[in-house]
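Handing you a structure now.
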């Protein structure tokens, strides 16, 4: 006797997607001046969800001017305690509309509803709650109280609303106004957030949302009246942005790519370690900058861990992201899937051994099965380049020194995982790993109170915690 | 009458704790504020910069690995040794900057005191910049500042000693190693400082001093993949600053851009400079039985 | 007779060799991977989010009913109470013959004969023994308790381990006691109760699981139901991981029985999800998974009626015995 899980789809009826969206500028949705339109698509079905505006340079200029005016006339004059109340209101509205936002996120991004419901949306609300409290306590944080002015923010498609919260909450708390560009493929929750700003009666122009692709982002970053640029995305685009702001004196923080090592010692709590490895790389289809994409496992337990890992991966449920029992959703775009496929081919060509969980891929939409490469060395492309997909490269090590050396041997430095029951060694590792976040006996945990950000080519600046406020306050005299 | 012929000093570079000449063999004439010849200084090349980065990288791990208490002791020792040689520094600064003996003495006082101020910071940085993070879950989470790594700095052109100390001390106190290009026109106090550093228990390579042209070495340092951060405080040329910022982007090197107006180095520094050259690492660990 | 000679079928000699001293047992048990509390609880919580609806829920409800060890373990138990329980176990819903019978009736040893008489060979009769629930008696008394229950017709014995000895590190003593009780069971199946609420840590639960399996347990069971906390999802997860790993090591499938505190159909289904995703479908049988429960059965029946009729049922529509 057995039982299987019947389909358990979350209802779409909670969302009301408009056929088309304008830009959110100065407190209202407006038609573009020089923009075009594009369609945003459900990656699980390839169904067009809505027509969205691609803001042109004049539209961006209009948004920046609205933000400047709001900064000058309203937001910079408002006491922190009042700013705080707006942020609290927004936090509450996100909670109240959480189910709608979760479904919207899953439709537009392809991530499982379990993740958008249990991770993205609650954390987005938590970020507004956390930062609301800072708005009238900045003088205690140690970075002064001077806002930059207008912040231009560009965010990625992997955690659309959560990344928006990471950007907008601290910016507003510190007294900045913002123009935010969501990712081209995932604009819908940002547009829903615009509506939340209206519901919160946030003064017009304090938050402006301009949708579009890289060209829109470039226009925003290069706009001369933007005082501060914050970007989360690929290292390549981060590099272009850093070049673009050279010589401008704009504030800049970058949260870029990663190639994190998840290090499993032979004395690890193995069942939880396997869960952590799975969560580290297959959470959100591996579309996570801090994903544990390199498993460094001590040679003495490598076979045991790999067996357990494969067994565990065979129970992962891939499919309809709206199904409450789905563990692995759709790849966000055809482009991204092509990128994953290219690197997987490189792994094959370079002689690594590929294993994929047996799972039927839906016919429509973009999918990739959870995949593990063994026999990988540091020289392989799949061990060096960020894949940003559900692909794990497995390497082995013999000693703690070797683990540190291999973990640090990358231009990135965003995160790392250490699995061991020996506290002294864990602390030893933590002090030697060159990474901004170190998860010991856990992985992919996020909290608004915990600073997040990278070393080296993973970017600079922190988001979250007291330290994250520095990104939105002018510290120089 | 002066019967004895003065023994003149040769001013060399300071790299990896040693005093090499420039690999290029080049020197340049250094004059005092009135244009009188003082000495020849080494004119460092991009290859010297490369060697200095290598020296800094190999020194940085152990310097960061030392205890904060130990780093504080070393910085304090620098102050002690400078105090013992203050006459030399007063003379070098007076000649270099063309200021009175009294004002030069004041610059030296401030420089020594600056080392003392930063020495005291070594074991307080983590307490002031770090945190324990009250996350919503059963995890012990803390954030600690760690050094960025290897920092290339351009020291101020005018403030030959105090400006230099004010740039170098906040970089190294947290465990970074640095390559610093001192004032081009007033480099001699920097070499005097190097002689102090060499005898102050500071591990070789933690501070490397390259006399020469920022315009020549700067872009190489900026684009060097093993340099983690740049301090452009002494870059007066906007074009050069932009060029270096642009080059730094290649490996996402952190850049402290030149100040909008020349700083008054006599003022008490805040924490901004020190903070710019640390990274924050956040560590999570479950709490359970 | 030494412990080693007392080896039970299916436990390889190489594994039973460790049972020669406390020190060797300790090395084995403490060499097991640790259990990270937060991680284990997070995994159990994640599995609890599985949504089991429609046809799969119908299947799960019937499966759960068939896994119930319908239990009464009270000082006030009477023959009438036990007989009523037996008839409930045989026909959980008198109005609906499609409802499966439960797996077993679980009683004190002195009631075993009565239960056996009532159910014949249609249900298993499980008896708690070994000075249940505290386990504080001499070995001789415990063995006599076991023998009595078997003689009274119990074909399953639920024994308690000596938690005092376990916590004091006298692993060999615990091991030998289980081996001796197993001997006394004869053909009856042995379920070994750890009272996980007293072992306190998941590391201890994992060690106790391996100790019991080494000694020949047919089932490992969380709790007596007399100590709080009794069964919890994460504790059961640790037991399931142990039997899964034991199977990989020895080829022998050991059963798991969470007991105490499982009262709702929703909870029961969450346990089944955990079994399915930890051990696989092979464990989804009353031979390898049981619920030690009393009030759970009625909630399973109410949910079943709700599924069949399409409206919510009420407590007056299930029998209260």
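As written, the chain order gives the labels A, B and C, with residue 1 at the start of each chain.
Please note the rule applied: a contact is a pair of C-beta atoms (placed from the backbone, for glycine too) under 8 Å apart; a residue touches a chain by one contact, two chains touch by 3 or more.
The model shown is predicted, which means the values in this text are computed figures rather than measured ones.
Any chain bridging chain A and chain C, meaning touching each of them, is among B; the list is complete. Chain centres were defined as the mean of their Cα atoms; on that basis the chain farthest from chain C turns out to be B. Between B-C and A-B, more C-beta contact pairs join the chains of A-B. Distance from the chain A centre to the chain C centre is 44 Å, each centre being the mean of its Cα atoms. Averaged C-alpha coordinates give centres for chain B and chain C that are 69 Å from one another. If each chain is reduced to the centroid of its CA atoms, chain A and chain B end up 37 Å from each other. Taken residue by residue, chain B touches two or more other chains at 137, 139, 286, whereas all remaining positions touch fewer.
Of all residues in chain C, those touching 2 or more other chains are 36, 38-39, listed in ascending order. Residue positions 441-442 of chain A are each in touch with at least two other chains.
Those residues of chain A whose C-beta lies close enough to touch chain B in the complex are 126, 142, 235, 238-240, 242-243, 245-247, 249, 254, 256, 411, 426, 430, 433, 435-442, 445, 447, 449-453, 455-460, 462, 465-467, 470, 475-477. Listing the residues of chain C that touch chain B in their complex gives 36-39, 41, 200-201. Chain A makes touch with chain C in their complex at residues 1-8, 114, 118, 267-272, 275-276, 315, 324-325, 421, 441-442. By the touch criterion stated above, chain B contacts chain A in their complex at residues 128-129, 131, 133-137, 139, 141, 143, 148, 225, 228, 238, 241-242, 245-246, 248-252, 254, 257, 259-260, 263, 271-272, 275, 279-286. Listed in rising order, the residues of chain B touching chain C in the complex are 137-139, 286-289.
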